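I've put the structures underneath this note.
Each of the next two complexes has chain A plus one other chain: chain B in the first, chain C in the second.
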Partner chain A sequence: MFSLRYVARRMAQSILVIFIVYALTFFALFVLPGDPVDNKINNPVSPLPQETADGLRAYYQVDQPLYVQFFLHLGRLLRGDLGFSLTNGKPVSELVSQALAQTLPLAGLAFALTVLLAFAIALTAVFAPVAWLRELAKAVPVVSISTPSFLLSYVLVVVFSFRLGWVSSIQDEGFKSLILPAITLACGAAGALSQVLIRGLQKAAGEPFVTVLVAKGVPSSRIVLGHVLKNGSIPALTLLALTVGELLAGSVIVETVFNRTGLGYFTYASVRDQDTPTIEAIVLIVAVVYLSVNLVADLLYAALDPRILAHEAATRAPSKRRLGGRIKGIKEEVAA
Partner chain B sequence: MSENVLLLNIQGLHVAYAAGPKATREVVHGVSLSLAAGETLALVGQSGSGKTTIARAVSGLLPAGAGITAGTVKVAGHEVSGFKPQDWRSLRGTVIGYVPQDPLSSLDPLQRIGAALIEALKVGRPSLGREAAEAAAVALLERVGIHAARDRLRSYPHELSGGQLQRVLIAVAIAAEPQFLIADEPTSALDVTVQKVILDLIDELRVERGLGVLFITHDLALAAERSDHLAVLKDGRLVEHRAVNEVLERPDHEYTEGLLSHVPAADPDKFAAHLGLIAAGGSAGGDVRGDGAGPGHAAEPVVSVRGVSKTFPGRTAREEPVVALSGVDLRVEAGAVHAIVGESGSGKTTLGRIIAGLGGFDTGQVLVQGRELPRVPATRNVRPQDLQLVYQNSLAALDPRLSVEAAVAEPLVLARRGSKAQRAAAVREALDAVALPLSVLDRKPLQLSGGQRQRVALARALVLAPRVLVLDEPTSALDVSVQAQVIELLFDLKAQRELSYVVISHDLGLVRQIASHVSVLERGRIVESGPSRELFGEPEHEYTRALIEAVPGGGLLATV
Partner chain C sequence: MPTPPLETLTTRAFSRRSLLGATVAGLAGMALLSACGPEAGSVAAGGSSAGRSGGTLTFVDPEIPTSAQVQESGTWQTRDLIQNLTDRLINRNPQSNELEPWIAESWDVSKDGLSYTFVIRDGVTYSDGTPLDAKSVKKNLDWQIAGDTKNGVSSNSQFPRAATITVDEAKREVTVKLPTPYAPFLNVLTSWSAGLVADATIDATHDEQVKYTGLIGSGPFTVEAETYGQKYVLARRSGYAWAPQGASNQGETLLEKIVWIPTEDDAVRLGSVQSGQAGALRYVEPKQEATLTAQKFQVVSKTGVGLSNQWFLRTTVAPLDDIKVRQALSHSIDRAALLKDLYTENWSAATSVLAPETFGYKDVSAAFGFDAAKAANLLDEAGWTARDAEGYRTKNGKRLFLKTYIDVYDNTANALFQAIQAQLKAQGFELELNRLDYSSYWVKAFGDEEVGLLRVGWPHPDPTIGLREYYGKDGQDLLQLAGKDKTLQDLLDRQLVSTDENERRALLEQTQDHLVTKQAYVVPILNDSQVFVLAPGVSGFEFSDGALPLFSNVAVSG
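After this line comes the complex of A and B, so read on.
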């Protein structure tokens, strides 16, 4: 299995990336003239009562220079304090957890459906016994990719909420309300994933080792499920990681149509209201989500394919040697 | 021979591939063959002869769209020509064992060796328990000559060498105790000394278990050495099917005769006169200063390598660095055909790349036509007219999107030579020199045959009129008759253009035929070097002797 050193190195890298993303967002928001926090609070249309506004101004120390504010934010962040929203004065962490509580079950269900759908399409497209079924399955991803999600969600709402009345389009009915948006999200995400899977499975099915497996008398179901599927789905892992990120952070349209207030809607609202602390928190969450799913995917790669580690070691070794050589060279120079 | 001892009895077999919605293309036209227990039948032919198709038809491995259209095939008494895919399973592993061509890609890369073996064992004995299966797997690995067999069960395929993988694949093939083996070019991806060991192993198993062996190969010399009966195929038809010694003594068919004459090992002196002539002609011509035949001649060599070493860093942090070359000296005289021979990993390709200015080296000196090469190669070849490299796989060496004309003209364009019209003329001249018709000008590499492609690669190398060509396994991807044509062409060009060749090859049969000088590389060191005649006549180093002994068919065919 992978070494702890490798995991530690990747974690350190991720933390660095998160810091950079956070810093970039912070300074980008301050590029506009004036202090964004102060501007927002002082806005005449701001709904905040005077005392809340004063409290926020004191909390964010808007009279301090930029870098002081940055370290103030950073210090608070490290203590787990995400600050307070500028639109309603509530703690950002509370707002974020509300949004996540809406998003996580939906994203989880959508993810499960995506994987199921993608494998079903890909397996049919590559291994279905009749040619017309294979061709049909191969066409599905294209249709799925080129169907906009608002269209599909609109159709689903019209049919299942308005015509059949199975699910309310307004009220939150728990799990039942998740089904339609999850289907919409899964249909969109499964398209690209199944295309990559189809290519992976086709390639794996054409490898010479499959001929050997057939020749040694292994049943074809075992060849497909035990060998081809494993070999053929590894390339789809990267895309799967990106899909997880997208499902968690990028579902504004679907949330709007189905009247949910998840992370996507929350992002939209806070950007619209220029709610700086909230935007920062969201950027942070999205960065953490993407980086951690990518890390998990890379570790999975190494766990699934023994060749990756050998390769990883091989590509790392020379650079270390080069560096060692350089240091030695410098030492020699100094000595001379 | 009575019907029941025949493991394989093919009568009037026709096989066709689907070639469009309703059309089919027949590739095997009425072939009849038989194979008895304990015998080896070699199925010999060039690419496209149908040998692999027959092997696949009798083992139920034909690709989708291909099928037996006429004839009967009996495998150990079972009539299989009407078999559906699922019917084959009762014969797989237990009646037919299959040894594939390319060991490196023939095992699931994600499956441990032990699991692959146990999977095969369970085909024969589904009720086998885990411990018994492991013990049987260890016994199988030990039988095929894998050391530390128990530890190897947990290895992945990428941790083993090609030879070891082929041993594992043979173990897989015999795991369910089949009655005969189909070996489809089982050693074409392996070194010649490893080839010998693997074929010895198959022979031992044949005797020990009374196996029949259907041995598919393009190498007539190998087939002659390793089989009892020969079946020679040409364009899907059987031209010969008799006992080996009969075929060798009196080939029935002129095609077989032609094939036999094209085997380099059968005619080692084919170009001797030519090589000698060039030596004489060189001194007479005055332009070529070396005479090729005389080692230690005072004339300046075209390529001179002195004390060159090259070390690659280890593949993993823990692995030791690999010494590819250490203290290599090489002197290629003008007009010589200097062969660098060795097995994979011996450093011969590294040396070839260094001479061609493509690879760097750590210590030593390399001179090409008197010009010293930098230790770190320049990104761009500054003097392409000195020396050119012809790569072994012409399909990989030619841009698939460039037409032949564009590919051959490219060196001229890069060197900013001539006007457009002059370049077009030069391309035509180069194609003419390699005996290609002008009709290929617009074709893409995939629309050419292997031999034509190698000629295009040669034309591209020649268009700048270099004096030295480095030929990296120039014919290893070609059929023996095409190989013979390309070799003849190389000698014609050599005479016309006073070229010198550095040939990198693992094929000692070919080297003996074409080289004037030979340097033998073993693990990065030159162990022996000298004129070809002397080296083959009285090899001094044991490694050279081992290489020469492993050349198939040398002794057998020399008597023809």
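After this line comes the complex of A and C, so read on.
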């Protein structure tokens, strides 16, 4: 389907972006007032013993010029060494895996719910047989976008945990504990997605090919599910890719309320404590996730709409630029 | 480069929680309704419990425990855990505040203060089965005093710098010989950070020691499971029979287990106790206390021995170089109004730089009682007679101006600082409040040369060590006196090596007089309070001398 060259070039681009993000983060953190290692060592709440502090200083070679430190970090990174947390001296890789183990199941469930919700809302808003139902469904994304996640979190905790006692607000009870935070995350993410989907479906439903299909006597359910949905969901796909990144790293508030220590909480804590190696690791993970999901989305995009590939073959122009334009367009649509 | 104010400086809360907490006033009402439900309290009691025994207590704490490494420990949450997991040589009875035998069944101090002999109680074992005998005590003391450089373990700054320790196994005796007298020594041995641990812990790598499962003590509870940041399961130590002499429960704990869950969000922590999902919590916002009491929850609090919350005034920063200005500032703060507006009866006004139950404490509150007329007179005498358009006093065209940073370790600090700012404004002081984030607060606030005052002061096992670390020239020297105040330095030096208890008490009293009454270097604000909430079925909860929770006598009933 795709030329290997195309995929290889996209991957090379992604790696370059990851490198730039990593470098920017590294230098930005060192622009912050105070040496992060010294700041950390002098933290009065968790003071590190002199020996540990000396060990950390030596490990990060803080007396060396900045660019030497940068390449030191980069070299270690390439060997898979993420370094040690400045807060508790644990290997960053260990902390990151603990956070990911908390976050991935939640993000996965939230993602599935987001897609389900968004399609349900959009299909209702565009194809429901009754006008008031369509109008009602169209209002849902607005409500969803304008409801702060902490508010929804608290309402769910108060009702389902404190009042009904169906799930513990403090203990991790496995899958059961994922449901409320996943609903919160999905409600937030589904808003923008369903709005874009509604526009996409409306636009696709108005295309001439629909008239042709109707004329050919194709049943309307097949027109909607087989043709309109395929054509109308392309813009939403790109947005969905961005949503994945948000679900992984942007759930600080939801994690706080639901007492989870995932990637969002971890991000918050490491920024608060200026735990540089940990922040770098998180930025790296989030960048990799964003870019890989975007890559997959771009490839899927082409699969859903072969014209993109044809265009690609004809011009050899990088499609990223076009997609970038699309994302911008989508954002403008959402804002409008 | 500044170093931390006290190795043991602690945190009560981070700002994120207050942000969330403040936005859910409406929802809190809903949460309260739920507490009236029929099953309140029953979940916390989990498991059958007949009378006052058995059961599991779910405890929610506002913070994630930091390192379990004993010498590194200091935050409240870590103190609270270590207190219940380890035993110490000596206990300070929380009622009488007198020292009493614990793992040391008796001790003897030589007249010159250079030799301490402890007789170690027979039959005590660590949870891994190894004996807590004289040899083990020696190993612990050596480790505390010297640290373990190769393993990245520092020495305990509360302990004497050097000592020679010998053991007489037949007599179960440990003798500590000091090169110079060290008056705080016995008090230091009561500290949570003097908790005795098994060889296996001392010999373990630093990475192992930071984990709670790696902390092998002889205490009433042991750590059964630990999921970092999420859950710490403490289990009853079977066969425990060596509680301190005055403890209400001399044997095994009544509880089978404590499930210890860090829950940072104030509203969720409160809701979990109100809905019966947890049986006890630490730290509730003062404004919630009345509602909880009305709902039959127990709100308990204690001020630990040690230092009170206080503002030090830097004499190197104008206008605080003038003692009259410092005295005027002292008389401008109305603590009764602060307590009435922002706090509850579980909090109290400080009456000295030391907390009331502390050894050597003296009430010096007369020197800083609220007195607007006196403050005005002092400022007039100091030449701050004119007022500018905004009502602030001026002298030679300069405004009576002070700069500080809002404390980040206490989440009542925002409201407290703002209220004091308003009180000072009424007297013509302009107090500039600055904010810093949690990670840069210590370095930047204490390193800022323009800062006139900052807040310090937390419970501590020994007042001399606490005061020396803050105000001594070899400590933080927060007043930036560099030893120039010979009287103060002399008082601090003499109390460290005093071999006579009455003499040390007198020296401590003189130090308080000097810091507060004579020089007005320090303005005591409030006594630090540790506040816990207990569900109706929870009984037997007690505090240690340092305001740490004692769970060994706690029981839950359905």
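As a working rule, the second predicted complex is superposed on the first by the 302 of 336 C-alpha atoms of A that agree within 3 Å, B and C clash if a C-alpha of one lies under 4 Å from a C-alpha of the other, contacts with A are read in each partner's own complex, and residues count from 1 in each chain.
The criterion applied here is as follows: contacts are C-beta pairs under 8 Å (C-beta built on N, C-alpha and C of every residue); 3 or more make two chains touch, one makes a residue touch a chain.
Model, not experiment: these values are computed from the prediction.
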| item | value |
| --- | --- |
| When both partners are placed on the shared chain, which of chain B and chain C touches more of chain A | C |
| Which superposed partner A:Arg79 touches (first chain B, second chain C, both, neither) | neither |
| Chain B versus chain C as contact partner of A:Arg5, first or second or both or neither | neither |
| Partner chain(s) touched by A:Thr211 [first = chain B, second = chain C, both, neither] | first |
| Partner chain in contact with A:Ile170 - chain B first, chain C second, else both or neither | second |
| Residues of chain A contacting chain B in one complex and chain C in the other | none |
| Residues of chain C defined as touching chain A within the complex | 1-7, 9-11, 14, 16-17, 20, 23-24, 27, 30-31, 33-35, 37, 39, 43, 58, 60, 64, 66-67, 71-72, 74-75, 147, 149, 152-154, 206-207, 210, 227-231, 259, 261, 263-265, 267-269, 271-272, 274-278, 409, 437-440, 442-444 |
| Touching residues on chain A, where the partner in the complex is chain B | 207-209, 211-220, 227, 230-231, 304-307, 310, 313-314, 316-318, 320-321 |
| Residues of chain A that touch chain C when the two form their complex | 33-34, 38-40, 42-52, 55, 88-90, 98, 150-151, 154-155, 157-159, 161-163, 165, 168-172, 253, 256-257, 259, 261, 268, 272-274 |
| Residue ranges of chain B touching chain A (in the complex, touch as defined) | 59, 61, 85, 89, 92-94, 96-98, 100-102, 105-111, 119-120, 123, 156, 158, 169, 172-173, 175-176, 313-319 |
